[in-house]
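Supplied in structure tokens, the structure appears directly below.
Residue numbering begins at 1 within each chain, and the chains themselves are lettered A, B and C in the order written.
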Amino acid sequence: MTDAPSSPATSEILPVRLRGVSVRYDHRVALHEVDLTVSPGEFVVLAGPNGSGKTTLLRVILGFLPVAEGVAELFGSRLDDLAVRERARLVAWVPQDEAVRDDPSVAEYVRYGRYPYRGRFETESAEDLRQVRGALEELDLADRAHDGLLSLSGGERQRAVLARALAQATPLLLLDEPTSHLDIGHQLDILERVRLLSRRRGTAVLAALHDLNLAARFADRVVILSRGRKYDDGPPRDVLSEELLARVWGVSADLRRDPRSGVPYLLPHHRLVEPAAVRSAPGFGPVHVVGGGGAAAPILRWLVDRGYRATTGALHLLDTDAETAQLLGLPMAVELPFAPLGEEVRAAHRVLLGHAQAIVVAPFAIGPSNLANLTDLEPYAGQVPVYLFNPTPIESRDFASGEGRRGWEKLRSGGAQELGSWAALEAALHGLEAGRRLPSRPSPPAATPT
Amino acid sequence: MTASAAAREPAPVAIRAPRRWGWRAGLGLGLAAVGLVLLSPLVGSVAIPPQTVAQIVLHQLSGGALAQQPCAGSSASPTLCSAYVEIVWNERLPVLLLALLAGSALGISGAALQGVFRNPLADPYLLGLSSGGALGAAFLYVFQVGETEASIALPILAFGGSLATGIAILVASRGKAGSVETLLLTGVALASFLSASLSIVLLYNPIGSLQVSFWLLGGVGGATWNRDGIAFGGILIASTLLVLHGRELNVMQLGNDVAQSIGVPASAVRQRLILLASFATAMAVAFTGVIGFVGLVAPHIVRRTVSSDYRVVLPLSAVAGGMFLLAANDLAVSVVPNTQLPVGIFTSFAGAPFFLTLLYRHRRSTMTGET
Amino acid sequence: MSLNPGAVPTARSISLAWFAVALLVAAGAAIAGTAAFYELKPLKASGGPTTPMNTSHGPGNVSVTDDVGRTVKVPVNASRVAVLSPSIMDPIFRLGLRPHVVAVDCYSAAFGGLTADYSPDQVALWNLSSSMCVQVGPTLDVEQLLVKSPQLVLASTIISVADVEEISTTYGIPVLILQPPTLSGILVDASILGTIFNATSAASQLNAELSWSLGNATTVQQNLTNRGTNFPTVMVTYSPVPAGSPSPGYYSFGPGTFGTSLIELASATSISANATLPYPELSGAQVLAAQPTFIVYGTGFGLALTDYAQGPDWSSFSAVTSGHAFGLNSNLLTEPDPTMILLGLPALLSLFHPGVPV
């Protein structure tokens, strides 16, 4: 429960003060006993992998999510005690991606930021106009003030969003990945401006950022979140380390220091878990696995573990196999959940099949929606080794009223080889790899190392 | 570096802002409204000379002090003249006023609902608020309410129906299921449920069915000064309160979260606006029956020609809606001689193609992805 | 830059604006409330300061209770009357009151007196023109009605409640709803018309004829029952369901309709007497199954045998093959008016029980 190291005075009313805050979505714990403070004028960056709770934390401070346990305070007031309007005078928000549907002019849009200061029947005050003009000038939008918001470029639009938040004249500014849609030049531009504002106006800034190098460069303090818990909290030079990246992100990286500023920066190498390793490995393949319903997942894992390059299809989105392939970073052909395999998906599947050095047909349940997976294989049966992995008899998983079994038989008569056990499958693939009986083919683009 | 970055900046998303004529269009709308209001008393199945119409209005408005012989200058007999007075003063003018009022109520409700749901297809008719009112009114015939009580029971029952539908939509909007799409689909589902219920009521109540089904097609023919008074009062209250929410609606176009971060209590405002829109719709439905598409067309005309600023859209949608319904009614009265066609036919004729165009545009814009 | 969250803007303009809004809302409530009050208790038709058009009501007023239970004060022997239903036009005509009629529904105006119903000299008297027509179906053209300056409106329940309310309240023209609930109600309506038009003797004579026809049918029925004769099953259809509709068939009379009452009074059993709907659509299969001995199909109004013959299974019906299918003008069967009793009932009797004295 200590204040941040960079906090100038502990007696001051802190813009943000969270003590033991937990948040749940239904039953899942999104944040677990998080302590966090932000001091006036401080630029704090929230970092962490996807799903670590960065956005959740910001949404708690904005009052969008109820706090299950713990105390959340904004400028000394408990969050629950603040009316929406009061809160809007304390904290402004720049979301990752603000939906703009109608097209107010830039000036009109920036004026929205003055909403919490104006009574329903009040006209715009001199202060309102001053703030709006100030925000526009500060973000170099004065000459575009009367253009439609939709006519702005991505960078300009994000500046307009920032100007809108600025016009709110709040002592605290929250940013959620404010630069994720921008190129490097505009990323730097936006963050420079935010830091400048923070310095000039004494605004406390709490920003969720993906880019750790940007974080290191701009942040006074970095707060690392991992799986809903606070992992570390401190100045970038203390927090950012090779170990942090390995532990929290699972990435191997080198930590260097900018020779001029001494700011640390990270040079990531590769992911420590399988997919990156597979991609960089020159392994045999691709081996294409036809599956569905989780039947292909163990085979895909096995292939990836052994350093094969693997592809899969045609799967349904959200299917266990599809999830696994996604996790492993494998190229695949996917259809929407429960839909019969469409022509586009089948075409994509055929592309993968065409690249395959070998095809493994997993023991998946065959229904009307994925029957095409079998029939589409027929042309390849004589071309490349096709292994019908069949630990369970085909009859027991044919839900396409005999069509599945017929397709299976047709493949077998077309030259496919039926394998009844893991050992047989392993042996077949090893033999194939060792023999390199087939001339190598161009591999599918997604499987090439980046 | 910044320069080269700017050069690589992808072209802005190609959504052209609609061409607008701003205040000129607003002025044009106002002038057209005045012209329409002046012309409408001349339209009807009985041909009355314009001069006589003008004299009658003047005579009545001045309490008999001006134009003491309303039919002077025409060859009308005293009996015919008093019939003319009845027609102009007690038939055409109340109808004109009711068309304006109901159109305004539907227009402003449509504008508010489109703002709340951030969907250009929201409309009291499509969301089922009108059908709810119709079902409420149909109960009049189920309960065999007497004829004299009917005139006051009808609006009350219609109001109950609309309000119940509004509340149902609101309940659906609570909690996590409250996405815009869910709400809209809830409304659409409600609307078809309500019309199915109506069909049942009508099927088993054949005597009343003729009356209800006529009433369901919509029309302003039942207007009287008294009913206009009730409608005017109710719609004045609802519209006044709705118009006050222009700024909130503007901000809410940015999404509920952003709106909340700017200080708009989005869900509270949403509830308030849906209830107010239900109330305004009910005041229209109670006296005119179900008239479709006014609430869809009016806000769009305003948005496309004048401004998309809800502080402007709300009041001008009321004007545009009133005009739209009045024009449709003038057509309904005059297209087939001796017959007043239900005005809903004309609003649907104009509105349905409009709806399809919007649907097509909307789908295209969501498919190309607007950010 | 203010760090103070409580910086509330100056509030001078707030109270004034709220006051304006409150005023508007209160005004709205007041207007609505007042209007609702007058709507509930209509004081006087707001005809304005012009001379009201309905003050000269001739010799005086009489209170009549109409068929939906409303007690209406109507002028005695009104000279300008709007008759908005063929079923009212019929007794009006039979009572010799045609000269009082200034406006009619377009249906009455269009069919211009049916030769089937009336003698030629009566038909010549009919003389209703389309310029008198003010109502199509349930749609009333209020302006056209007003311009005819009627003192009294006679309507069936097809008129909408709103229109009745408007005519009687707004324009102060009494509206009498004449919709006989039963066959004997037709006699009641004739008496009402006799009373309000000072035509009691004509009404008595008409009612005597009506009573004789009804009494005769009852007597025939009594005799048949006494003799133990079975009543024939019949189908009476007034229109085929139009060809090309998803379920073609024959519109018929169901429970509670005048058609069914008339069939029963003519000593026959309708095959659709126990249908669920008042005007059911019978399919070909239903008719085949019920095997009616007689089929009566309504003609006139553009319908002829050929229209029915295109209906499902028509040529397979036993009544058709055995020559027991007869055409009868629909006007004798569908409108609850004296014609139904005077002409429709004897016609059915003579079809169903040929040879029995009528």
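Methods note: a contact is a pair of C-beta atoms (placed from the backbone, for glycine too) under 8 Å apart; a residue touches a chain by one contact, two chains touch by 3 or more.
None of the values given here were measured: they were computed from a predicted structure.
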Relative to subunit A, chain with the most remote C-alpha centre: C
Chain closest to the assembly centre - both centres taken as Cα means: B
Computed distance of Cα centres, subunit B from subunit A, in Å: 45
Averaged-CA centre spacing for the pair subunit C and subunit A, given as whole angstrom: 72
Interchain centroid distance [CA atoms averaged], subunit B/subunit C, Å: 34
Of all residues in subunit B, the ones touching two or more other chains: 244
Contacts with 2+ other chains: residues of subunit C: 21
For subunit A, residues contacting two or more additional chains: 89, 118, 120
Complex contact set, residues of subunit A against subunit B: 59, 62-64, 83-85, 87-89, 91-93, 95, 97-104, 108, 112-113, 115-116, 118, 120, 148, 150-155, 164, 168, 183-186, 189
Contact set on subunit A toward subunit C in their complex: 40, 75, 77, 86, 89-90, 117-123, 125, 169, 171, 201-202
Contact set on subunit B toward subunit A in their complex: 1-2, 4-6, 8-13, 15, 17-18, 118, 244, 247, 250-251, 253-255, 257-258, 260-265, 303, 308-309, 370-371
Residues of subunit C defined as touching subunit B within the complex: 21, 24-25, 27-36, 38-40, 42, 45-53, 68, 70, 106, 133-134, 136, 138-139, 141-144, 146-149, 157-158, 160-166, 169-171, 277-279
Complex contacts: residues of subunit C adjacent to subunit A: 1-3, 5, 7, 9, 11, 13-14, 16-18, 21
